[in-house]
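Here the chain labels run A, B, C, D, E, F and G in written order, and each chain numbers its own residues starting at 1.
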Amino acid sequence: MVSGIERPLDLLNKARGKEILVQLKNDKQLVGTLLAFDIHINVVMDNAKEIENNAHKRNIGLTFLRGDTIIFISPSTVSAEEKQ
Amino acid sequence: MVSGIERPLDLLNKARGKEILVQLKNDKQLVGTLLAFDIHINVVMDNAKEIENNAHKRNIGLTFLRGDTIIFISPSTVSAEEKQ
Amino acid sequence: MVSGIERPLDLLNKARGKEILVQLKNDKQLVGTLLAFDIHINVVMDNAKEIENNAHKRNIGLTFLRGDTIIFISPSTVSAEEKQ
Amino acid sequence: MVSGIERPLDLLNKARGKEILVQLKNDKQLVGTLLAFDIHINVVMDNAKEIENNAHKRNIGLTFLRGDTIIFISPSTVSAEEKQ
Amino acid sequence: MVSGIERPLDLLNKARGKEILVQLKNDKQLVGTLLAFDIHINVVMDNAKEIENNAHKRNIGLTFLRGDTIIFISPSTVSAEEKQ
Amino acid sequence: MVSGIERPLDLLNKARGKEILVQLKNDKQLVGTLLAFDIHINVVMDNAKEIENNAHKRNIGLTFLRGDTIIFISPSTVSAEEKQ
Amino acid sequence: MVSGIERPLDLLNKARGKEILVQLKNDKQLVGTLLAFDIHINVVMDNAKEIENNAHKRNIGLTFLRGDTIIFISPSTVSAEEKQ
């Protein structure tokens, strides 16, 4: 069971500094390290890579991503760490 | 008859910790355990699985999902539990 | 003539506990019993069934539906009851 | 010339209880009697009929229609009545 | 040069009672007389005619048009009058 | 280097009375003289011309353009003037 | 590791005066120098060039870009500078 997630943004807070997968509305994905986010779910990622159809497409590095383009954010490593 | 649902968010409150089916606007579905939600209907799900055309597509684990991508959330087990 | 509907939400208020047809923007429809709604037209329906091209598609039971996915809500039985 | 329309909602106010044609963003139309509206242009229509490609498609009776699905509302009979 | 237009709505104010061309997001156009508008750019037009592919399609008469369906409003006759 | 642009609207302020190119979300462009704008990026242009696929399509003259239809506004002559 | 980015807009603040790549929702990209931005992520770029399918398409120079058309902004040179 995951503890300490009362509100949705708590998950993003736990994921700071960790790898996240971001699914975009345009069917592409970004993977990278979450550095910052705000209440609009705008995020900054470091070492971001764009992925399409499961293939690496391009490196975009340090990136500001608008929240309204996002479907979901999955910080997989938080999931593993926090569960027992 | 279902009792104790005066406002729509009451249903989501009852569904915390239970399995939900989330129908997305992009024709995909997520199933998983509802951990948290807010007034924008942003949700956090645990053990989330993405489903497309009734087939399991990928495991995305612990996930933050933006509310504006959602059509409906169906916490089936609440339905069964609460009805007599 | 229908009486007692001064504001649009008055109709939804009269329809609580009754069958409604919800036309969605994605060309599907939900039918079920209206349990609750809010000013965003988020609704909770019980015994909801999804319909596409006039055919029953799946049962989704007790469901939270986001208001921004809705075109119209038609509580047919209110229409019949209230008119003389 | 039409008198007494200083603000757009004045026209909807004059059209209460009268027949209106509602053009929807999905290329369909609703015709029926306007019972109520609010500042979001949510409307309640009675005896609403859905029309597509100039053909009657289905009766939906007493209906709540979300304002954000509407292109225009044309209360034709107000036009005729008010002009001299 | 056009005088007296400090803010965009000043143009709509000058165009009251005059012919306007409204380009809609759905590729259709409405022409008619501007009677009223508000800050959402909702407008009321009289004697409105719908035009598609440069051909007259239907008369819709006195009409309430939602602002969020509009691309531009061109009150051509104001342009001619105000310029020297 | 361009001076005096601290906030995005400063550029639009400098472009008043000058030629602008407006790229619309519908893949068309408008060129004309910027007369006025507001915080929604609603703009009024004079002598506006619609361009599609690099070809002049129609003159629309003095025009009110809704901000939510715009991708970018490029006041080319400001660029040339202000740079050294 | 990137330092000094607590909130997403901090990245845009660091990127002022530097080259950015802007990915637009319409599948095109703009590259140029970031001059200014606001909380809506409206930006002003200098020497902006439009790119489509990895090919240079046109120079648009000094440009105001609406924030709601943006997917991400990648100030690549900030990434390189700030990391050790």
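Here is the rule we go by: contacts are C-beta pairs under 8 Å (C-beta built on N, C-alpha and C of every residue); 3 or more make two chains touch, one makes a residue touch a chain.
Only a predicted model underlies this, so the values are computations on that prediction, with no experimental measurement involved.
**Q** To bring chain A onto chain E by a C-alpha fit, how many degrees must it turn, rounded to the nearest 5?
**A** The rotation relating chain A to chain E comes to 155 degrees.
**Q** How many angstrom lie between the centres of chain A and chain C, each centre taken as the mean Cα position?
**A** About 36 Å, centre to centre.
**Q** Between chain B and chain F, what is the gap in Å from one C-alpha centre to the other?
**A** Their C-alpha centroids are separated by 44 Å.
**Q** Based only on mean CA positions, could you tell me how far chain D sits from chain E in angstrom?
**A** 20
**Q** In chain G, what residues contact two or more other chains?
**A** 68
**Q** Output the circular ordering of the chains, read from chain F in the direction of chain G.
**A** If we begin at chain F and move next to chain G, the sequence is F, G, A, B, C, D, E.
**Q** Write out the stretch or stretches of chain F touching chain E in their complex.
**A** That would be residues 24, 26, 30, 35-38, 42-44, 46, 48, 60-66, 68-69 of chain F.
**Q** Can you name the residues of chain B that touch chain C in the complex?
**A** Against chain C, chain B makes touches at 1-2, 5-12, 21, 23, 25, 27, 41, 67-68, 70-76, 78-80, 82.
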